[in-house]
Amino acid sequence: QDMADEMTIVSWGGAYSKSQKNAYHDPYSANTGVKIINDESSAEAVAKLRAMNEAGNVTWDVVDVVAADAMRLCDEGLAMEIDPDTQLAAAPDGTPASEDFGDLLVSECFIPQIVYSTTFGYRTDLVGDTPPTSICAIFDTEAYPGKRSLEKRPINNMEWALLCDGVAKEDVYDVLETDEGQEQALAKLDTIKDDVIWWSAGADTPQLLADGEVVMGSTYNGRLFSVIVEQNQPVAMLWDAQVYDLDGWIIPAGLSPERQARALDYIMFATDTQRLADQAKWISYGPARASSAPLVGKHADLGIDMAPHMPTDPNNAKNTFLYNYEFWADYRDDIDGKFQAWLAK
Amino acid sequence: MALTPVENQTPGFVAAVAASSGAFFGLFVGTSQGSGLLGILVGAAIMAALGFALSSMLDKEKPFRWALIAAFAVVGYVLGGLPAAVLGVLFGWFSGWFIFWLATSRYRAHLAPYLTPGQVLWHYTFRVICGVIFTFLITPILVVMPLSFNAQDFFTFTPEMLRFDPAGYSLKHYQDFLGNQDWQNALWNSIRIAPMATVLSVSFGTLAAIGLSQPHVPFRRAIMAILISPMIVPLIISAAGMYFFYSRIGLQGTYMGVVLAHAVLGIPFVIITVTATLVGFDRSLTRAAANMGADPVTTFFRVQMPLILPGVVSGGLFAFITSFDEVVVVLFVGSAGQKTLPWQMFIGLREQISPTILAVATILVGISVLLLATLEMLRRRSERLRGMSPG
Amino acid sequence: MADVSNLDAFVEFERVQKSYDGENLVVKDLNLSMPKGEFLTMLGPSGSGKTTCLMMLAGFETATHGDIRLGGTSINNIPPHKRGIGMVFQNYALFPHMTIAENLSFPLEVRKMGKSDREAKVMRALDMVEMGAFGGRRPAQLSGGQQQRIALARALVFEPELVLMDEPLGALDKQLREKMQFEITHLAHRLGITVVYVTHDQTEALTMSDRVAVFDDGRIQQLDPPDRLYEAPQNSFVAQFIGENNTLEGVIKEIKGETALVQLDNGDLIDAKPVNVSKAGERTRVSIRPERVEYNKDRMPEGAHTLKAEVMEFIYMGDIFRTRLRVAGTEDFFVKTRNAPDQVRLKPGQQIEIGWLAEDCHALDA
Amino acid sequence: MSDTTDTGPVLAADGTPLKRSLARALRRQKIRALMLVAPLLLFVLLTFIMPIGDMLFRSVENNIVKDTLPKTVVALRDWDPDSGEIPDEAVFAALAEDLKVAVESKTHTRLGTRLNYELTGISSLFRKSGRKIKKWDLAQDGPFQAKFIDLNDGWGEIATWRTIKTYSPKYTNGYFLNSIDMQKGTNGAEARPENQQIYITLFKRTMFMSMVITISCIVLAYPVAWILANLPARTSNLLMILVLLPFWTSLLVRTSAWKVMLQQQGVINETLVWLGLVSDTDRLVMINNQFGTIVAMTHILLPFMILPMYSVMQTIQPTYLRAAKSLGATNWTAFWRVYFPQSIPGIGAGSILVFILSIGYYITPELVGGTKGVFISNRIAFHISSSLNWGLAAALGAILLAVVLILYWAYDKIVGIDNVKLG
Amino acid sequence: MADVSNLDAFVEFERVQKSYDGENLVVKDLNLSMPKGEFLTMLGPSGSGKTTCLMMLAGFETATHGDIRLGGTSINNIPPHKRGIGMVFQNYALFPHMTIAENLSFPLEVRKMGKSDREAKVMRALDMVEMGAFGGRRPAQLSGGQQQRIALARALVFEPELVLMDEPLGALDKQLREKMQFEITHLAHRLGITVVYVTHDQTEALTMSDRVAVFDDGRIQQLDPPDRLYEAPQNSFVAQFIGENNTLEGVIKEIKGETALVQLDNGDLIDAKPVNVSKAGERTRVSIRPERVEYNKDRMPEGAHTLKAEVMEFIYMGDIFRTRLRVAGTEDFFVKTRNAPDQVRLKPGQQIEIGWLAEDCHALDA
């Protein structure tokens, strides 16, 4: 296999990969003649990168990961550091990339691509006359009987539990740092434990909603968009205390200079203002550059305006919840152990 | 004077048994319409009447059974539209067959004359139980097939489908499978990997099985345990172990790596089936060949191989399906370039549930049936051959 | 250690031992030498090591000790497929996936013989066993006897000088068996091949062979032509094993040249021919063949020794009558007589007098 | 002739022990047999056994502390955690030196991740300190004790140092302790806090569920194997296809199909509701729990039970039943006293096979198991691909493997691996 | 139909037919009636329907037509386990998972007999077959003959009046077989049970039975005591099947009362006893038993018919000599003589004169 004109880009698969293919890969291949191989291993990216690094044989060129994974990779020296101002394209108006991305540059190794949020969808035909407006509806089994689906991990769920148990938004992580706070969150979750279907694959909640198996469930906003708009299911979205998160690129450490140069070239192309805005034609995730937002247009097939469906849309972002990467990097193992023990009980 | 008395049953008996079956079905129809008790009574009454009436007109079996089918179909259509009419046809066919089967004592014809009614009942109950278990076995396939024609993108029986509305069905998932580059790549990868892995495991495995079946093999048990181990080591452990190890030696993410991993997983099947075939293999045949001047290699290819071929083929098919249906190991050991069908399915289930998976499965089931038929034919052939040497 | 290293011997076993498990000797010190053209049968009870000897000769088992020679050269290190020995297996071992003709042509093919030669030879071999018309069939389409003949033809088609047969008739029914015995001996004599034949059927051994080696417990107990074996057994195992036999137990009173005086356990005194007893006072088993005992006064041979007997049972067997008698304290004394036109049928309870010649009566080890 | 003598080893005719001359005679055969087996054996050893061994080795391997902080580990040797005081300046100086090197190669964060499994918070301690230490000048910036504590309070805590010291040896049993819900405490091994105990529960559950699955397989497979063994060959071969067909259908598809069948809006519930047997509001919960896992796995493993049972039952001759009846036994007695005992080897073969396979299952419980239906393998997978605690995964795997090997050993003893037939 | 519906018959088959596939009759019109205490053997070639008859009697197969009666009552509607018939199977069918004692006690247990009674009976049955010491062993730990005895004991332990045995000795070797034949007949007579015994070995049938039913092609060809069967076969199938037989083909010249004049194919004229030939001109097979042929002039019976013969081959068989002769155009004419002390051994090529009594020579259907 000739390294010169092939590169392996790792991503999540499904509709998301398709949007990347349309927005980035195809134009890039057309420009440069580089053949892009799509690997759909993002879910195992950290593990695989670590093993590749251990073996000294890195086969991936560019990897799409969530911010938390990017930070882990960066910490462990598995991803290379990228300087936004020299190695990324500036905005059309000349704003340097570091400013254009702003706060979203959460790690030195990570170039954000989209902003997504984890939020709730609900069956419009199963919630009666009073559709839920608050996140705490998930804990209200009286008003909304039926199952709800939650992701099978502590992250997000613990925060929502505390929020709905009366903890102020800004105190959530301080409380969660303590054993009592963790107990409190689990106790809150315990009230709905029997009504929860836990999901681990992103496609689960849409399927469960479409089947009517659950009244409401958490998932990524892009998937809910697809269920509601593309598939025409009787489902609606709840924009409240949705957890804001980022997804973007890293370049594995340890690539040969030529491969590294090409990966950087790809990234520079794929994260420019227009490309990021283009991606939103195929999937309802917000571009990570401030300068891209005005360029977001219409859905490629359906022709509807995409802006109102973006998590970045001001209407939707009225009450968002910010995710604390630092906290979870430290407490992930510990809380996860407790969470799984609680689940298994 | 015939010994197994096949005489017609009294109308009373037929009516009673038919009534009990009527009551059984009536219970369901009744509860679905509101009143279980009424359903039981009506069902029993209808079947009893039919049983009584028909058992005195045994000579016109054909016309009456057609009439019953038609009648129930019409009743069904009137009550519940097309789906109910289909059910009506089924029920009409069943009730006609059942009543005549009872009335003409056909149910006793193949049973020993001394069986008591209880034993006869048990005989048929047992068969029904077995039928239920067989149904359980193929249930997933029965579910998968119609769903693969779903017009929607979810694993759901839509109301349109249940109404037999043509709009509820479509071939789009088959089109997706045939037209989508990802699926085609995956299919192509599976086709590249599975046969290669099979060839490896079959050739090494057969050789080793022959070695193991020799009379004096030192450490036979230990060797056997090692060769069987890929089957008994939990898959996740194998996958992780191979992943780390193959990464280190540069096999991870290569075609060769996946082939080797799959070959090793298929080996226990080859060893087990070929050893089983060799247990029945008559050593005097190879001795006879040697005796006539054939060297070991000639003996193997001319005498032993043709005779154990069915075992080898069957082991090979198991090895093939192991590779063709394997997802855990390939997820770890493979990379994008080796994405196989099961991997693609797995991604499909994780990232985007789409009945394309079911369409693929339906196609594969069709291929399996063909393969199984081949296997069965080979087995018959081998039995014919094996039946030859006396003793 | 008698007749080994015979110069014109064709097959030789010299002090051969064999053990499968390192603990028990299955073949113990086997010495045997046979000339070219002989038909030798190994006869013995099950498990006595006959097959093992054959397998060592054919090269499928290795002797743990000793030397096996073929035509004067040791064959220990020659692999089976180079020994050029024909073999007929107990279950025939015809290749089920080949036709009869292919089976027969197999040994010729592996010898790289040309096609036309092969066909001619196969045809000749098939004709020899009168199966010319069956070349195209598969073994499964033949009856047991036919398969047996094909196995024979296949063992002979490449013209080996030595042919081994391991109970080739074991699976056949009686009628077919007798027919095949006849055919095999005739064929062997006609072609002048050397044959080692294994059986546990003594009638088969007696009717077919030039010499019979009686095996027991891993040793050859006696190696002799059939009539000597039957009429002059060298020990009581051979006497018991070959044919039916009446045994009377007693003690040697005295031995005078060719006669021994034996006092039976009930006190009667009889004469017998001493075989492997040497001195007075030894316990002995006196053995007399049932057909050598006469009760018909008219036919009683001259000089016959007589004893009183009581008829216990009369058994009708078609061609012969077996009569069980009580003689000298034992109730298991049989007399066999031919179902001839003038034969008397004895009745249970009858008191008779029986007699035999002292030379038919062997005094053997106890 | 020297043949068997009663005393000493049996000697052959030439006086060498019989065993030896036998071994000599058999050497060629043995070598030949081994030569045939050797390629595969080598193949399996290289591509399978070595990877597994390599993987399991991680369960005790603990080089990372020693490699990352070589000097600190040496300096810490004299420190007594029970003294109640934090280590002295020498240790801190060594730490500064070690960290300086580690930060260059970014290995300090890896060490942090490793130690974070044992003490929450160490990860960020290392990460944050690392950034600053980068700028220190070792020659001049001493003394380091105060400087470190100033940098982060964590360095002043005994727990931090205890953890570093406890995990400084090359090998550790920490992962194994963890995998049986224990940890290394102040006085050796101790139980973990109750709200972190999970593995014993999971092991027990895995065993229990596997047992239930095995039993339900036995119950379902017995009649099927019986009827397959007793029907005329033609019919039974056709029915055999029904057994093999699901066996040949993708595992993922079968599992998804069970989802479609069992969920609350699924085929079974819909049918029951339509028939009026359950009301629309309280549909049966049959999936995302143990029941769903058991049904799906029973279905998936059933062929592994049917095939060995069938091959045993095929060999039980009908004459035994006839004999029993001719002796006066009723159908039931004949079955129970004569047929059933003879079919037990088949049950045994199938059971152990199913049990071994089911305790290692992973995909099916993941998809339909919910929270109560997951197995230990799911945790292993989680630790491998998500939490990256590979040592713990290896320890859990080693325990699981040990259980499986014991079962395999029992299986080989009782049934004999040669007696397994597949179709 | 002759002797059916006999009033004191114990087992009766009346016009029984059986087909497995609805196309071929395996048993055709079987009529048989046997009194209590009789030992009846069914003898016939493989596939002649013997086992099928036994299975119908035991209740494991159902007759397609006809009636089977036991002790006067029809048993069609009685399930096998209530028929109270003991059965010994060809492969013994001892339950491998039970010890010998448990095997024997099984039929008593299912009859709900008390424990002490059971033990006493089992012990007695074991002693009866001289296997008292083996109660604790498993069937696999016994030799074939021992297993056979246990199977017998098990079939007898619950004291059935009727015992069926299907080739019970088929798997044993010759010596053991003869011993067991002896034991079975003695036991049956001592206990006074009725036995239906199936075999395809004619010697076994002749030595053991009160009467023998010769089966062929689904019919009883002849049902008679052994000596009548051997000496007065009713058709040429029976003559061929039972014992060895010399056959000469020819044409009936004339029949006068008890003698038929037959012209052999080579022109010789001989006398024979007409059996199932009726008129002059019919083709016939004349059958003479080899042991009824005499060549010793001294012993030639009076009034014997003589023919010239040439000795082809002399076969030594131990207790007897078989001599093959060329007689009246055939080369397959055998004479059997006892290996008696005074017997002459003929040499191939010798010209002799042979003779037999006309009454030993049966003219049968061709």
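Going by the order they are written in, the chains are A, B, C, D and E; count residues from 1 in each one.
Note that a residue touches a chain if its C-beta (ideal position, glycine included) is under 8 Å from a C-beta of that chain, and two chains touch if they have at least 3 such contacts.
All values derive from a computational prediction rather than experimental measurement.
K.L.:
Starting at chain B, figure out the least number of steps needed to reach chain D through touching chains.
P.N.:
Between chain B and chain D, the shortest chain-hopping route counts 1.
K.L.:
If you average the Cα atoms of each chain, whose average lands nearest the overall Cα average?
P.N.:
Of all chains shown, the one whose C-alpha centre lies nearest the global C-alpha mean is B.
K.L.:
What are the two chains with the top count of C-beta contact pairs?
P.N.:
B-D
K.L.:
How many Å are there between the centre of chain A and the centre of chain E, using C-alpha atoms for each centre?
P.N.:
That pair's centroid distance is 91 Å.
K.L.:
Using mean CA coordinates as chain centres, what's the gap between chain B and chain E in Å?
P.N.:
51
K.L.:
Using mean C-alpha positions as chain centres, tell me how far chain D is from chain E in Å, no decimals.
P.N.:
Computed from C-alpha means, the inter-chain centre distance equals 66 Å.
K.L.:
Identify all positions of chain B at which a residue touches two or more other chains, and write them in rising order.
P.N.:
Within chain B, the residues that touch at least two other chains are 155-156, 243-244, 248, 349.
K.L.:
Quick check: what residues of chain C touch more than one other chain, meaning two or more?
P.N.:
In chain C, nothing touches at least two other chains.
K.L.:
Do you know which chain A residues sit against two or more other chains?
P.N.:
Residues 43-44, 211 of chain A touch two or more partner chains.
K.L.:
Who touches whom among the chains?
P.N.:
A-B, A-D, B-C, B-D, B-E, C-D, C-E, D-E
K.L.:
Considering the complex alone, what residue numbers of chain D touch chain B?
P.N.:
26, 29-30, 32-41, 43-45, 47-56, 58, 220, 223-224, 227, 237, 239-254, 256-261, 265, 267, 270, 274-277, 299, 302-303, 331, 356-357, 359-363, 367, 377, 380-381, 384, 390, 393-394, 397, 400-401, 404-405, 408, 412, 417-418, 420-423
K.L.:
Can you list the chain E residues touching chain C in their complex?
P.N.:
Per the stated touch rule, the residues are 46, 173-174, 200-203, 206-207, 226-227, 230, 242-244, 289-292, 294, 299, 301, 315-320, 322, 336-342, 356-357, 360.
K.L.:
Looking at the complex, which residues from chain A come into contact with chain B?
P.N.:
Against chain B, chain A makes touches at 1, 8, 10, 12-17, 37-41, 43-44, 51-52, 54-55, 57, 59-60, 201-204, 206-207, 210-211, 231.
K.L.:
Which residues of chain C touch chain B in their complex?
P.N.:
Against chain B, the touching part of chain C is residues 58-60, 79-87, 89-97, 106-107, 110-111, 138-140, 144, 147, 154-155, 158, 171.
K.L.:
Show me the residue ranges of chain C that touch chain D in the complex, using the header's touch definition.
P.N.:
It comes out as residues 15, 17, 19-25, 28-29, 62-66.
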